[in-house]
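Presented sequentially are two complexes of chain A, the first with chain B as partner and the second with chain C.
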Partner chain A sequence: MSENTGTMPYISFLHAESKHKGIFKWILSTDHKRIGIMYMMGMLGFLLVGITFGFLMKLEMLTPGKTLMDAQTYNALFTLHGVIMIFLFIIPGLSAVFGNFMLPIQIGARDVAFPRLNLLSWWLYVIGGILAISSLFLQGGPIDTGWTFYVPYSLRTGTNVSLPLFAAFILGFSSILTGINFVTTVHRLRAPGMDFFKMPLFVWAVYSTAWIQVIATPVIGITIILVIVERIFSLGIFDPALGGDPLLFQHLFWIYSHPAVYIMILPAMGAVSEIIPTFAKRTIFGYKAIAYSSLAIAFIGYFVWAHHMFTSGISDTSRFIFSLLTFLVAIPSGVKVFNWVATLYKGSITPGVPLLFVMMFIFLFSIGGLTGLVLGSLATDVHLTDTYFVVAHFHYVMFGGTVMIFFASLHYWLPKMFGRMYNEKVARWSVGLIFVGFNMLYFTMFILGYEGQPRRYWDYLPQFQTLHVISTVGSWILISGILLMIGNLHRGMKRGPLAGNNPWGGKTLEWTIPSPPPVHNFDEIPVITHGPYNYGDEEVK
Partner chain B sequence: MENEHSEKHHAVGYGTYVLIWLVLVGLTVTTVSISGINLGNIALAVALLIAAMKSAFVINIFMHIKFEDKIFKVFIAVALMTLLSVFVLTAFDVFFR
Partner chain C sequence: MSETITHNQMEHIHTEHVHRDDFGAKIGMWLFLFTELLLFGGLFLLYMAYRLQYSHEFHIGARELNIGIGTFNTIILLTSSMTMALSIAAMQRSRKGLSLFLLASTIALAFGFLVNKFFEWSAKFGHGLYPGSETLLGKPRGEYLFYGMYYAMTGLHAIHVIIGMIILTFMFVFIVRNSITSTNYIKLENSGLYWHLVDLIWIFLFPLFYLMR
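Moving on to the complex of A and B:
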């Protein structure tokens, strides 16, 4: 990105020339749009790897005992599935892809505040990814600790722990730098007239997320370094045999990793707040309430981490306090859901594919959220912790929540990013398959968990087999839906009909510029005079 | 704007930077020295107090926050309050276990 004065001829960012050739035009580009797409490609690649591991795990669970692999391989698979999905897909998530691509455009800027830092973030992401994957092939074998790296096991196992941990450390830096970039961009580069309460709600969500990335991520960085140092020098920080405190590790881990849940979900909630007004042709209901609820979720999210530790041996006093605090998160989350539904009320609704994904999100996320309350209650948590119930809850919230909105955002913004439209009919089929497959796969886990199936077990009792079979068949349907969706989007991107500048009738700034956007986003920086969802006369009264 | 920034930048002389550095070194030596003395229950509080003083010097002088707009001070205050809350909440486990 460089200077841009006066009206310039339209050159799509996809075809813009630079001093570099071939692939270097992309991997050395500081254009926020190209960086967003590079994140998207990397993340979709890791998503497919994570899905493959999940598929193999479910296949193993088809019968009791050994079906496909031994127990150690299963341990490695659930760890890698978690590490890849969490650190390489869902934490960068919507923020890295759509935050990078859309945030500057939505606030009327030509790029992020620090474009080179942005490219560095992407490179750190790539380096972290390469290190994580390369650890699979080194002596000692793939990490088998679970994605939470709990001590003392992670200190003692002979598998490769230090390298994937170091990879997570580097990925953390990528996240911090992105956060710093977005906070600065929102404060410094808003178009004239765009005060905070004229910003799109996606920007509010990415801004809140950026704060969590900046404040919480260093904690996991320090914790990871402590584990690596302890593995090498046996210092006795976490290892009880050396006088260390294993619960200290869990505290430090969750002080980051619980807010990280909101790093994952908040941008998705922001995207929901974009899609619903567009497809209901209504000004969003409760703009300020939604904006403040993003901040509230980001804030309260720091103070609930020990609900992951109710059965770890922490004090009763803190169990009581953290249980109480956990319930508070439900309030701003509820504020969002009610405002979204109220926006749809009496709207002129077009059931486009992005909205179908959003409807699916509200349904699945509500189930995930309500079962979160079951786990947040001390008494029920003691029964359900470390069972499939937790696995189901987590996937309903993160997969049913964040990933469904990642898919929704792909269908919503890809026509803007590439200027071409996918096949709507095929997209609807993929929505249907994903919905059916998802619920077969994960709802059965609620029942399995309630009945006592522990998570991370390679074997199970024969009476659980029927539900396991339903769950495994569900995984096949779900994966079919996802592959169909990716194929359809890929075909649309390459050969689909031209989408036009504003296929959905959206009101935020990205819909006022050509598709794909020009290199400099705006010929002239717009002057903002009204809120982002200004449907005015178009609204159904 | 640029000039304004430059003027602010020179508000602190190199002598001050060196002085602050010496103070930081002194405080580090103090931390290491008193770690050998048995202060009982207040050992942690004393160590944290010295660390907080060092942070204050770094944030105010080296990071230039003392001379910056209010918004940056608010940001720092929010981060510090969050950290304090995390300490307090962890203490509910450590001291009541």
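Moving on to the complex of A and C:
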């Protein structure tokens, strides 16, 4: 496990030549590392677009009544913000970027099982993104249904619904193909000696996620197609005027979209399980518990979807059952948090920037999780559903959870991907700004929602203004933190000091190869003899 | 699509570092078929819900469908599954000509299925039995939904038949160009799996719409 090949000359994947020229060297490349980076570029681009929409919405909420846009524009903004953040940013998420880049390396493989399919997934992602954005500029105006596309409104509205829906279908297809690829990769391409319980926990997480992608996504695929067909041919399937049942749409929609929240969060949890041992210099506590809890979350996650429908008019029995099952998901999630904290206990902790993000994650995600229980209880949900409380809750879990770990992973793996380091001091500043801004922006929303501010409204009662102003100022702080962070990462990637092969003292396989990795990752496929985080030697010393 | 380029790329990678993994390719295909089943699964769920809600109207709706054409099409698809399987078997025994003939028969049968479907649908349209028509709007909502489900499910299935034909045509070209051979026929096998799935789904659609009356 020594840092070999460090001084030997080699061709890094960043500079490798192929038969294509210029940009085609990248966009036609089947190298999993390049594809990972291309996903990263695309997703950061869409993140910035989504953030811009969020910024505009918060600006509108600075004063009661009209501040800078009319209600219809606000409707379009929250819909596109939601669609972009969900389908173009957080669902591909850590799997598409770091799963692509790191998973093959972490299991000692030279690429994924189907490299060309992988490239196709990326292309579908790009096409889906272009379609979603282009619907902005078409006749009829941008979609205004909210990212949930509920019928019957989505059947009746004159805005451009079909195109973004079709985009979501294509993105789903891309997600399915990635899932198939990763499942097969893990089954077929593990290095000799790497049995399932010697895999890094990030691999476990991406693997569980891949299964959810395969099993859940087709359901939303058909639902979306039916809405489009319904709009064109009025089959009646979801249209109450023709005998259809809109509740069935909601069921099918959430049968996918609840498991989708695990598509978002599981890879992030996997990355946490990488970062914590590295920065605490300790073997992860409860390896098997963490691995199995991923599977448990993936499994239970299938049977809780109707907690999004507590006020839609489903029977009391089903409401009771779904509420109970929802509480059960808290158990495997809790198992993970306790194991992470136990890993930190008595570790020799280096508070590097990735770990700071992880700390922030544990804090924010716990708030998000606990408020999730408030929404999972029937009595309180009736009061809080469709208010800002929900908006605050899902930003705490998705943004405070997944996106913070996305940021953490950018810092953690940047030196591996580009061989260069970001500026530590600037990074710390951005962490601080993001933390303060985030809580100002969203914690106020819990209070606003509790006091009765409904979601998806462009207007509010004058007594809510103080909190709205705090929230809006928070959005400015948060956004400056994010921009500072992206600027710092960009600078680090281009001009930062050389990082060396293993700047953090990580133990998983990616840290044994040069940074940036050579085209084929390993000159010789390693033979695995021990678990992924064997800090045992150091601990003895 | 860019099958020829990609094929070259494959060779290229092949010689470089990736070993051929037929078993892996099969895992991938089975996973994909699984997602196809789930895609139709959503429709089957809807069918079940509406059948329970409007069982009487679904009975009446089913009487309008032509069992003759349905049965004929079932036989056509079953036969095509057989020719497909035989085509693979012929390829395994290096009988290229026979394999091509059987594959062509499969494609022809698929085309026959679509022709029947076309006449069946046009007859329905002729009677004004299509979504949004005056006739259907005048009927009870349950019957309207029966036709909604009928067109949605058989329509999606027909799209799959068309995709299947395109894939099989590619396989035909591959065999002609010797990129599918008696030692390397995983593409043909996977396409066969896909074709059997298309067949299988029809086997469920047929009783649900034509026989349960």
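The rule is short, and it goes like this: the second predicted complex is superposed on the first by the 530 of 541 C-alpha atoms of A that agree within 3 Å, B and C clash if a C-alpha of one lies under 4 Å from a C-alpha of the other, contacts with A are read in each partner's own complex, and residues count from 1 in each chain.
Throughout what follows, contacts are C-beta pairs under 8 Å (C-beta built on N, C-alpha and C of every residue); 3 or more make two chains touch, one makes a residue touch a chain.
For clarity, every value in this text was computed on a predicted model and none was experimentally measured.
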Which of chain B and chain C A:Lys66 touches, first, second, both or neither: neither
First, second, both or neither for A:Ile215, with chain B first and chain C second: both
Partner chain in contact with A:Ile176 - chain B first, chain C second, else both or neither: second
Partner chain in contact with A:His383 - chain B first, chain C second, else both or neither: neither
Which superposed partner A:Ser318 touches (first chain B, second chain C, both, neither): first
Partner chain in contact with A:His530 - chain B first, chain C second, else both or neither: neither
Touched partner set for A:Gly236, first chain B, second chain C, both or neither: second
Superposed model, chain A: greater residue contact from chain B or chain C: C
Residues of chain A at both interfaces, chain B in one complex, chain C in the other: 187, 215
Chain A - residues contacting chain B, complex: 187, 215, 247, 251, 255, 302-303, 306, 313-318, 321-322
For the chain C and chain A complex, residues of the former touching the latter: 6, 9-10, 13, 16-18, 21, 23-25, 27-28, 31-32, 34-36, 38-43, 45-46, 49-50, 53-54, 131-132, 141-142, 144-145, 147-149, 151-152, 156
Residues of chain A defined as touching chain C within the complex: 30, 110-111, 113-117, 176, 179-181, 183-184, 187-189, 214-215, 217-219, 221-223, 225-226, 229, 233-237, 242-245, 248, 252, 520
Chain A contact footprint on chain B (complex, rising order): 71, 79, 82, 85-86, 89-90, 92-97
